[in-house]
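Chain nomenclature is as follows: A, B, C and D, assigned in order of appearance, with residue numbering initiated at 1 for each chain independently.
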Amino acid sequence: MGKTEDWLDLLQTPEPDMFGARARSASDAAVLRRKGHLKEQDSFIQFVQGMHQTHTTLEVMQKMDRWIAEHRAEPRTSRLRRMVPTIGSFFVPLKMVEAFQEYDDFFALSRRQYVPPNFAELRHIFNIAQVHASAQSLKLITFDADGTLYADGAHIEHDNEMIRHIVSLMRSNVHVAIVTAAGYPGAPERFEQRVEGLLAAFRQLQLPKHITDRFHIMGGECNYLLRVNAEKRLEFVPDEEWKSLVMKAWTEAQCQRLLDSAERLLLEGAHRLRLPVQVIRKERAVGVVPTSTTIYEVLEELAITVQNQLQADLPFCAFNGGNDVFVDVGNKSLGLEALMGYLGFSPPEVLHVGDRFSDTGNDSATRDCCSILWVANPEETDFFIKLLLGDIRQKKTYGPTYIE
Amino acid sequence: MGKTEDWLDLLQTPEPDMFGARARSASDAAVLRRKGHLKEQDSFIQFVQGMHQTHTTLEVMQKMDRWIAEHRAEPRTSRLRRMVPTIGSFFVPLKMVEAFQEYDDFFALSRRQYVPPNFAELRHIFNIAQVHASAQSLKLITFDADGTLYADGAHIEHDNEMIRHIVSLMRSNVHVAIVTAAGYPGAPERFEQRVEGLLAAFRQLQLPKHITDRFHIMGGECNYLLRVNAEKRLEFVPDEEWKSLVMKAWTEAQCQRLLDSAERLLLEGAHRLRLPVQVIRKERAVGVVPTSTTIYEVLEELAITVQNQLQADLPFCAFNGGNDVFVDVGNKSLGLEALMGYLGFSPPEVLHVGDRFSDTGNDSATRDCCSILWVANPEETDFFIKLLLGDIRQKKTYGPTYIE
Amino acid sequence: MGKTEDWLDLLQTPEPDMFGARARSASDAAVLRRKGHLKEQDSFIQFVQGMHQTHTTLEVMQKMDRWIAEHRAEPRTSRLRRMVPTIGSFFVPLKMVEAFQEYDDFFALSRRQYVPPNFAELRHIFNIAQVHASAQSLKLITFDADGTLYADGAHIEHDNEMIRHIVSLMRSNVHVAIVTAAGYPGAPERFEQRVEGLLAAFRQLQLPKHITDRFHIMGGECNYLLRVNAEKRLEFVPDEEWKSLVMKAWTEAQCQRLLDSAERLLLEGAHRLRLPVQVIRKERAVGVVPTSTTIYEVLEELAITVQNQLQADLPFCAFNGGNDVFVDVGNKSLGLEALMGYLGFSPPEVLHVGDRFSDTGNDSATRDCCSILWVANPEETDFFIKLLLGDIRQKKTYGPTYIE
Amino acid sequence: MGKTEDWLDLLQTPEPDMFGARARSASDAAVLRRKGHLKEQDSFIQFVQGMHQTHTTLEVMQKMDRWIAEHRAEPRTSRLRRMVPTIGSFFVPLKMVEAFQEYDDFFALSRRQYVPPNFAELRHIFNIAQVHASAQSLKLITFDADGTLYADGAHIEHDNEMIRHIVSLMRSNVHVAIVTAAGYPGAPERFEQRVEGLLAAFRQLQLPKHITDRFHIMGGECNYLLRVNAEKRLEFVPDEEWKSLVMKAWTEAQCQRLLDSAERLLLEGAHRLRLPVQVIRKERAVGVVPTSTTIYEVLEELAITVQNQLQADLPFCAFNGGNDVFVDVGNKSLGLEALMGYLGFSPPEVLHVGDRFSDTGNDSATRDCCSILWVANPEETDFFIKLLLGDIRQKKTYGPTYIE
């Protein structure tokens, strides 16, 4: 066709240099890269959004109250199951009408007649209901790291507001864990770097052992568990103490075979998509990072390709990290289940906070074993944790007598 | 309910001030304001997107080539009409397959098997096809101002790349007009401020009159027409020279009645939505600007409310400006038609570039009378105008002999 | 391909004649002709049906009560308009909840949890609501003939139950008209044949003139109006007495031109569809009747083809008659409007009963000018007229004093 | 409400008895019972039908050829799986384009531009493709009885055309079985009554043992297997010869517990739906038969209710029989698998012909273990078996040398 040349030509054509024209390159076309809405994909929320065609939000939430209760009682044949076949479990009862009214008092959603709630607005209402419900029974709260606790690639700094929340939660007898894809085998100091502000606070506040025992980090989705030692530093919990039988049975050879296949699929996929990438291979993960601009959709394609084509003996998690695509051995559901087993908690007592709950997000698996909060950024995490702490505080004051 | 107080309480609750807690206010909830996807609403593009469920993009574009040709021949009963009842006219034939292939050479869209094109990608393909088609017959190109020629609220600075493009277009015998909501009755200098860099270039380049005669500004959607005078300054074209009979018949009293009704509806709507606003009343327009944070959805609701409820003798345009909601007397379609009549051009010779083509955007009306390019920001405008200039240059070189 | 021969061969292949095999012909394939559900097409009823995904029938009907009232007040911008853009007018208020409960008492629809109402069930509920609403103000009831008053191709026999109903209606001060596609210019006796039992009853009962004056037949959709004369026979009402100005302006040449074009399109269409047909040409109508077995879908295709392609100076009605496809000059809406003008009645006082209200049915046009009852066969007509007569009787007894 | 009385009153109101009015009863409302389209429900066929919005039938079938081949290769992640999550297996490759063209030669489907194929037309095209594909490898063909081999409640008479087909199939080395819900434990003569014409033909034709060995009846879905003995009469095959280990493990107590629960649910359901019924309890089945008029939808509701609520240790089949609702121990899939194991055939060698393949039909389960033909009545069965016999005959003549 010669069309590519045309584009290059076009963009390089010198023009009368009156206004300081500079040589152009093909990269100018990058201005056209605009991502769509794939991060906001969820069959249940989209179903709820669709109901607004024929319902007010109040009517929707009244039905949700009834239908969620029915689904908790009859998950296999419930009305929600028939309407949203991929729907999961609600581990605690949700009061959607109350959550909506609380939200509405601030945002006047019910005053809109023509414009239904957007995805984020509905997500927030679900979050509010979830916070109030989980606050009653919460024993363990887990957080995704990047995009949830701090900005992508950042870490918990000393002045981070989140530190105060985490300590408050731990003091309120709630265990806290960070459940992250990041994994640094044999290097607790690398984990420490990501939460240095938090550990510094533990030290500065001289938190007693029974409090710091309530903090863990699960790394590599489900591969590494760390705790706080007497020096307020991180140390690995020995595998035999916390890993499930199934996980203990994974061999090094199986892991490497899985990662080899994954690496090959990632590279083939990137090549097919004409995406130049750099491979990052770790003990229990392999990923690719684009070396030129691209859009979310291309990474999504790559993640789905691996999800569909990877044949493996072990469970794995192929996910779109937003700026990369990774395949990890195991997944957060296995990690959470192992942690819950280790600490002795059941699904209604656990809440996972994350920012990636679409089909290609590595937080999705957690829906199988506990309640979730879906946030869009650390500011939202901050907001909902404050709401949660308020509930817990109130429960202590007015609730059934409670002795720590 | 007392719930509002709860929220305020929660957000103000003092906490151990170890990490410098500061007093919080209700405005913290603002972190939850996230807009959805209303700017990307178009029944035809969404239909094309939906076809990707069962078609590759190439297949979609092959059908588009056939169906657009059929629709041009039989607009009332065409297949596209049956599938997208609100579809408009295609004033020039579009070669969608070629545009797709051109786009695909850069963006490898066809390599994706699981992730269909997003809204912007399809918009870009339509734009490429439109540029190539319009280049053949273009006599007049019109631009929306804010969000299209320059960032919202900015103006054309001296070093603006766009200046070079506009001059190139005018030198290539293409008339250029800015068609904007902004209106400054009796104040050409206010219009000049918005394009000062451009006028400076006209002077610096000592553009001859027959070139500067190719530049106009249509202000207030369709209420004020300006041209360049001998001093390279803007001056109003007298109404009797360019306004249509219908527009000339509008009385001041009718306009004020319309604006009074609009102002009342805007204020009632803002009150209903609990949105504090400031009113801006002009000769031919009235608008409200929120005085606190809000989201796009709320402005959308307000714009639709006025569209639905305003009863008026005159045509009007109620639109969501992104940061405000305005009601203008008349609309861009009337403005463009008057301009086309004044300059003597027909729909296939005209192209309007804008960033607001959804139902509440003030560029939408232009679809009735000419071809359009839908851009998301000035960088995209820049890109497509370069593409257009390349086509025009090539036509001059290789096309039928052409003497200016 | 030779495939056609294969089929013929196959079907003709002699087999061991043990069980009396007889020669077969291609017509055996006719066993595969099965019509679909095109007769039950209506965007509004289908919308109401779709609501059952997320609503109980009671909830649907509660919304209908509200939304129909809102649509009557604001037809241009109502919620129903936004959801069903092709929705028409409701000339009288409908009480859908009451109608549903009345229906439900018999049919226990509300007891079903998994199987929503089918099309006919919803149609019946609308009919019940319509009967009760129209009974309050009814001055004129009109009936389609074939498929509504009697079986296709039949006529009103002496023992027909419908006779009793028609007389009861007329005695209750309700005008009755048959509005039919059938047209016999200059031949009142042909019309008489279709209703001979009814006229016989008029005579036998010695109905006084002021009663028989309440009976009319509108033939050829809108082309011929007949009344009952002193001998209880039918006679044409002179055109100048009842036709609208527009209809009076139609020339014979225009009609013939329209019918010529229609005939050509019908024949071309039938040829394209490989449907052998016989043409029937009348003064104000032309149609084709298949001369071999076919299915409803093929006739539908032919009717839509003519609707889309016929260019004409006069209004026309191209419709699927079930066993034929006809194009008539004018339509039932014009016929009804003329009749309403002649008798002096307004839309809320008129009710049309028919069996063809889908897009290719010739009863559809009546929706523009009066309320409707959609029946599936004469038995349903009988049922709903009894319901109507009950209401009228009750109104007489308990209602406002009424003197005939 | 008193509304029921109103209806009864209305229908009983005496009217002037001029035209022989007779007393009416509530049963008059039965005229409103009209069934919908639940028999024609199939997510795949409906998906294919939906594609016609944007595809011609030829385009649809071209894609089907590709997508079915892809789905056979990658059933878990295929494009069809993503678009129709409930899609099953294709045990043989289907040539949909060829089947369509064969159908189209007779029915001119491709000539229709506005009216897409109805459900039955698509079902026929699938059937034609299935017949041609299965003919190549067919070893066993099984038939549902009522509605497929003969009209509901009828049996195979002496002059039945189907007899000739069955014998032809058996002579062509194809095993034939009737797989039916009907079960008569310990009473082979009851089974004989249903196929008396067929057995008479076996005798009259003096079919040799190696031919009559190719005939079986599977009764009670999967509970009774019968064969033809030397006297050309039916006899039970001892359970130990043909039942799977799993089926042999079912205890009488388990069966009775299941049937007790089912009976209770059927009666509760019928009571809820206000449907008067008679219970029919058999050794391995229980059902209810309405004792007054009802519609298909009500039986559907009852069948789904039991499907959703019955908790059982054994597999079961709760189905809408059209005029009754039955719950059988086991299902046709188990019956077919056992028969296939007994005779030594694999899925690509087997074809089941039935008329109930929607979710509440008892033929649906067979999709799991073999190819299927979906017919609407015995006439269609006759048609497709003739087509199949033609293929088999041709294969014998022209195909690879074949010695019986």
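Everything below uses one rule, namely that a contact is a pair of C-beta atoms (placed from the backbone, for glycine too) under 8 Å apart; a residue touches a chain by one contact, two chains touch by 3 or more.
Since the model is a prediction, treat every value here as computed from it, not as a measurement.
Judged by contacting C-beta pairs, the busier of the interfaces A-D and B-D is B-D. For chain D, the chain whose average C-alpha position is most distant is B. Chain A and chain D have CA centres that are 47 Å apart. The geometric centre of chain B is 59 Å away from that of chain D, both derived from CA atoms. Counting only residues that touch two or more partner chains, chain A has 308. Across the complex, chain C meets chain A through its residues 51, 53-55, 63, 83. Of all residues in chain D, only 1, 3-4, 6-7, 9-11, 13, 15-16, 18-21, 26, 28-29, 31-38, 101-102, 105-108, 111-115, 117-121, 124, 159-161, 163-164, 168, 201, 205, 272-275, 295, 297-298, 300-301, 304-305, 308, 376, 379-380, 382-383, 386-387, 390, 393 touch chain C in the complex they form. Against chain A, in their complex, chain D makes its touches with residues 77, 85, 308-309.
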